[in-house]
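Below: one structure in structure tokens.
Think of it as A, B, C, D, E and F in the order they're written, each chain with its own count starting at 1.
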Amino acid sequence: MDTLLQLALANLVSPMVLFFVLGVAAGWLKSDLAIPEPISKGLALYLMLAIGFKGGVELEANGLGGTVVAAMALALALSFSMPLLAYALLRAATRLDVPNAAAVAAHYGSVSVVTFVAATGFLGYRAVPYEGYLVAMLALMETPAIVTGLLLARRSKTAGTTKPQAPLFSKELAREVFLSGSVVLLGGSLAIGWITGAKGMAVMAPGIVDPFKAVLAVFLLDMGLLVGRRLQDFRTVGWPVVAFGLYMPLIGATIGLVAAHAIGLSLGGITLVAVLAASASYIVVPAAMRVSLPQANPAIYVPLSLAITFPFNLIAGIPLYHAAAKWIASM
Amino acid sequence: MDTLLQLALANLVSPMVLFFVLGVAAGWLKSDLAIPEPISKGLALYLMLAIGFKGGVELEANGLGGTVVAAMALALALSFSMPLLAYALLRAATRLDVPNAAAVAAHYGSVSVVTFVAATGFLGYRAVPYEGYLVAMLALMETPAIVTGLLLARRSKTAGTTKPQAPLFSKELAREVFLSGSVVLLGGSLAIGWITGAKGMAVMAPGIVDPFKAVLAVFLLDMGLLVGRRLQDFRTVGWPVVAFGLYMPLIGATIGLVAAHAIGLSLGGITLVAVLAASASYIVVPAAMRVSLPQANPAIYVPLSLAITFPFNLIAGIPLYHAAAKWIASM
Amino acid sequence: MDTLLQLALANLVSPMVLFFVLGVAAGWLKSDLAIPEPISKGLALYLMLAIGFKGGVELEANGLGGTVVAAMALALALSFSMPLLAYALLRAATRLDVPNAAAVAAHYGSVSVVTFVAATGFLGYRAVPYEGYLVAMLALMETPAIVTGLLLARRSKTAGTTKPQAPLFSKELAREVFLSGSVVLLGGSLAIGWITGAKGMAVMAPGIVDPFKAVLAVFLLDMGLLVGRRLQDFRTVGWPVVAFGLYMPLIGATIGLVAAHAIGLSLGGITLVAVLAASASYIVVPAAMRVSLPQANPAIYVPLSLAITFPFNLIAGIPLYHAAAKWIASM
Amino acid sequence: MTQLYRKKKIEIVVEAARARAIIEMIEAVGAKGYTIVPDVSGRGNRGVRDEAHLSDVFRNMLIIVIAAEEIANRIIEQLQPLLKDYAGIVVISDVEVIRDEHF
Amino acid sequence: MTQLYRKKKIEIVVEAARARAIIEMIEAVGAKGYTIVPDVSGRGNRGVRDEAHLSDVFRNMLIIVIAAEEIANRIIEQLQPLLKDYAGIVVISDVEVIRDEHF
Amino acid sequence: MTQLYRKKKIEIVVEAARARAIIEMIEAVGAKGYTIVPDVSGRGNRGVRDEAHLSDVFRNMLIIVIAAEEIANRIIEQLQPLLKDYAGIVVISDVEVIRDEHF
């Protein structure tokens, strides 16, 4: 336990987490500190391009080991199935109705790119290596959960509408799911990194490797501002739902730990899969839900994943999951 | 020919070209991947500042050799005269009317900054040196073609209008031509690089040299998105015009190769002049044409230079012109 | 004097100052060169984050020496008191009425972050060390002057209004003063640098140290564009007021020099305090004045501090104050 | 004097997530054009919708259509169901235009 | 046919520094919503107000409120003192809306 | 009650390349002010005009002028030739304003 506390404290005093905390404080106190919208979108794109490209280069360097296929299958399985568990918990433990429970559930099957990136930063800080192809898991896990969420919501919809039931997968949704900017950029950069390998990395490194952590710190400042301004939305959400936002990551991480250990990932890899399973989407899934499940209230699912689960994972979750990964890896 | 194919393939798998291809695919498939407008303008400014500054520093280092004046004269001559050739071809081989043919012609006398930058990246990758002052040619070639284009358009205008003929060069156009942002930034950075020399470079290098290629890759991703979204504009343009967008660069490059060889430039320099002559403007000239030649249809000239000539030069043209430059330089 | 001239000339040919001059020229000639608004806000945030963080790290490295408290007290004293002097001069030497004189005075008690940053660049270029905690002075001096300015304006207000006098410090103003974005970001980054120390710096350096000067150069290009476009506002301002914008920095710098020498700062430190005292705010104070002293005309105080005092300090002031600091330090 | 033509102006403030569907409807119904102000914020029944957005979930758009009365009526008719479950308002007014062929 | 309800539309162009106070007034007076176009430029009595701004001092905002006549009158009444010393204009017109419950 | 004054509102959606000329005309004709929404997208006779632009060639602006009827008429008169060969629409409506001295 001593190590765990030390880990948590060391994480707390990294510039990344401190800038996040600064942002939360400034946002909560209604400071006019604000990072212009296009800049913050640009930073998000940068992080995805960089992490995807690095993953691709490492994939090329280390080859497609036997566990790669298993890892990809695991990614799909987790993203498709975790919403079922989340939905059951929400219906049992909160008062959310069917569409809202389905929408929230979809978020927890998907992932948070920035939480993943912060976890790679955490590992890098401690020189813990991890499998480069896990970035592909990140890309794969973004969207399947949306499908499960919509299927869950179906159950109620049939009663409410008089029109013949709309197809589950509209063209608009398909675009949202398969051609979502983050999926394309993560996947595309991974592919380009994989094709160009070390030679490509030599070209890209001064832009995407060296300043990476500083950019991440600035982006976390921005996320903090967003979270700080949304802290008051807690009230809308209700305490049983807030509690879900804290225990669901723990459940997800546990599943991730066990599964990642089972397919034979390294210590770093186990940590990252736990983080993926624990994190919740706050960009891609909200957008998809708003288009395809408008009955669900965004004022519930956005603050839940953004203002509760995200900071929890960033500050407490990552060191915790890493400690647990150590323990499970040493067994 | 073996070398040429190899060159083309090697160019194809550079991160720059691959990010461009990724962008085209994402744009064509209507992915919501988008680089915020201010970021993409910022990246364009960065490229111009960096390339201008580097050119100036190299100019200072190597002094104003005898060929400099010749190169500058060549730049002006090419930009002023190439629209005449382009216009004749367009009137003979396509159905464009006078204002549209004149407007398109003006684009091909001018240049594409990004194509030039990509070509310097291509040369850098292969450690082929080139004359630093060629950046000044780039700046000089941007706008003279506009004047020729407007003069060509005059021929028809006189008939159509009842009002006394407006002066060819309005104040608005003069500003567009001489004080266009890219001309000022390229020229100004060149001058500053030239004044501050190696000492200035020491200050600026970590910002403008090291991450340069990564920034270029991101910018090409953005250009790809733009091209991908405009690919459908082909239909508006018509096949004879599309064909012009492919053979005109070849003609231009040939003229550039011969002229550059004649004034005694190095292998790298010959390649770059060929690229300048082959490339077509899609920022400065469209803006000027819209102001001064509104009868011409931007839905013709923008997709032609942006979605046809630009990708052609980027992917096939640069390695081709370089191979040709090797051949001509070895004679 | 020989050294002074040399200093001034050397400063003039630094890329930073030259890019500023380029910007002024382009802005004045109405070139359409423009750095997109979000980019320029982003660059300003970058400079503050970087300068704050570096200051914090140096503070941690060198410990809180005896002079730190004295320096902080000096910062508050200067910012609170200098508007009194400025106000007296303005009322005596110009025709500005009470609210306008009070508003202008407030600007000169506060500081210009970019001028400070440019001065650190100037010192860095000459390898002159300075006390890291001076960044805290910068943060502390931003806002107290606002309070003095508003108190000065009170004198006239009582006569003009029929309503019961509004409280001096509205909630809106408090937010503007204490939670102004630049105060929060400077102070927060300083704190984070101080907490994370050298380890934090290792993480952040490739992002905030290496490209710092190049970013500053680009930001000064942008400031130049702004100044160039506002040069015509001179006419609104009137010559006695313009003169104030030139002699007030000299008076402020003199006070700063003497006070900084008195509390025992190094050569670099004396220079920077002089620069702080000489510079005038053009972001934080205008915003606060517009909210709390709307009778004052922004078309007077913005061009005065932005288009007159800022360029004066940047081009002539910094080398001058540094020469004076050398002289006073050698006594 | 320039000839003026009477038209209806419809202004729609709607969350970005719904904008695409509405624009498709506007085109389908036969309007000859529309204008979009891509980034507006506001407050309404569904609380504050501001600029600080990672996704478009809390972003509003303003869509403006000028159309002949008959087409305007069709648009209004079809907006009601399209706005169910979404944040949005619809405002109609009388305007005049020049260059009738644009509408 | 969809039922339409008569309302007033108030458009306010005002410098950004004053926008917060005006929005608070609009809320206090009982309007159910408003829309903001956050970044407009312009020229008026107080000269050019453009986009090139470090602070918000030279930035304009456009605020749009749709409200029943009575509330509109209250807003207009209170705008006059709020605009003293500030750049800004107020424009009122007649409009119709659907979904009356939003206003 | 606050005094209201009847004016005309002219809204012009026009491609950015033409905006400068139109604004100069508006000033020349004697209007006391105007407001610009600098970045709107849309579709009209000349096809889609969207945000993805390197140059301003495919960008629209929205220009709003409030003016007395007489000046409004002059503006409308002069817009017709200025819009020839350019994408753009002109919409006129009746409005009321406070603070008459601004118009």
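We take it that a contact is a pair of C-beta atoms (placed from the backbone, for glycine too) under 8 Å apart; a residue touches a chain by one contact, two chains touch by 3 or more.
Quick caveat, the model's predicted, so the values are computed rather than measured.
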For chain C and chain D, chains touching each: A, E
Shortest chain-hopping distance from chain C out to chain F: 2
Of all other chains, the one whose Cα centre sits farthest from chain F: A
Of D-F and B-F, whichever chain pair has more C-beta contact pairs: D-F
Centroid spacing, where centroids are CA-atom means, of chain D and chain E in whole angstrom: 19
CA centroid of chain B to CA centroid of chain E, Å: 46
Whole-Å gap separating chain B and chain D, where each centre is the average of the chain's CA atoms: 40
Multi-partner residues of chain D (at least 2 other chains): 37, 51, 93-94
Where chain B touches two or more other chains at once, by residue number: 34, 36-39, 210-211
Chains grouped in pairs wherever the two touch, ordered by label: A-B, A-C, A-D, B-C, B-F, C-E, D-E, D-F, E-F
Residues of chain E that touch chain F when the two form their complex: 13, 37, 39-45, 51, 60, 62, 73, 76-77, 79-80, 83, 89-94
Chain E-facing residues of chain C, complex: 34, 37, 40, 44, 172, 225-226, 229, 282-284, 286-287, 290-291, 294-295, 298-299, 302, 306
List of chain D residues in touch with chain F within their complex: 1-2, 4, 7, 9, 27, 32-38, 66, 93-99, 101-103
Chain B contact footprint on chain F (complex, rising order): 15, 17-18, 20-21, 46-47, 51-58, 84-86
Interface residues, chain B side, partner chain C - complex: 36-39, 41-42, 45-46, 49, 53, 175-176, 179-181, 184-185, 188-189, 191-192, 195-196, 200, 203-208, 210-211
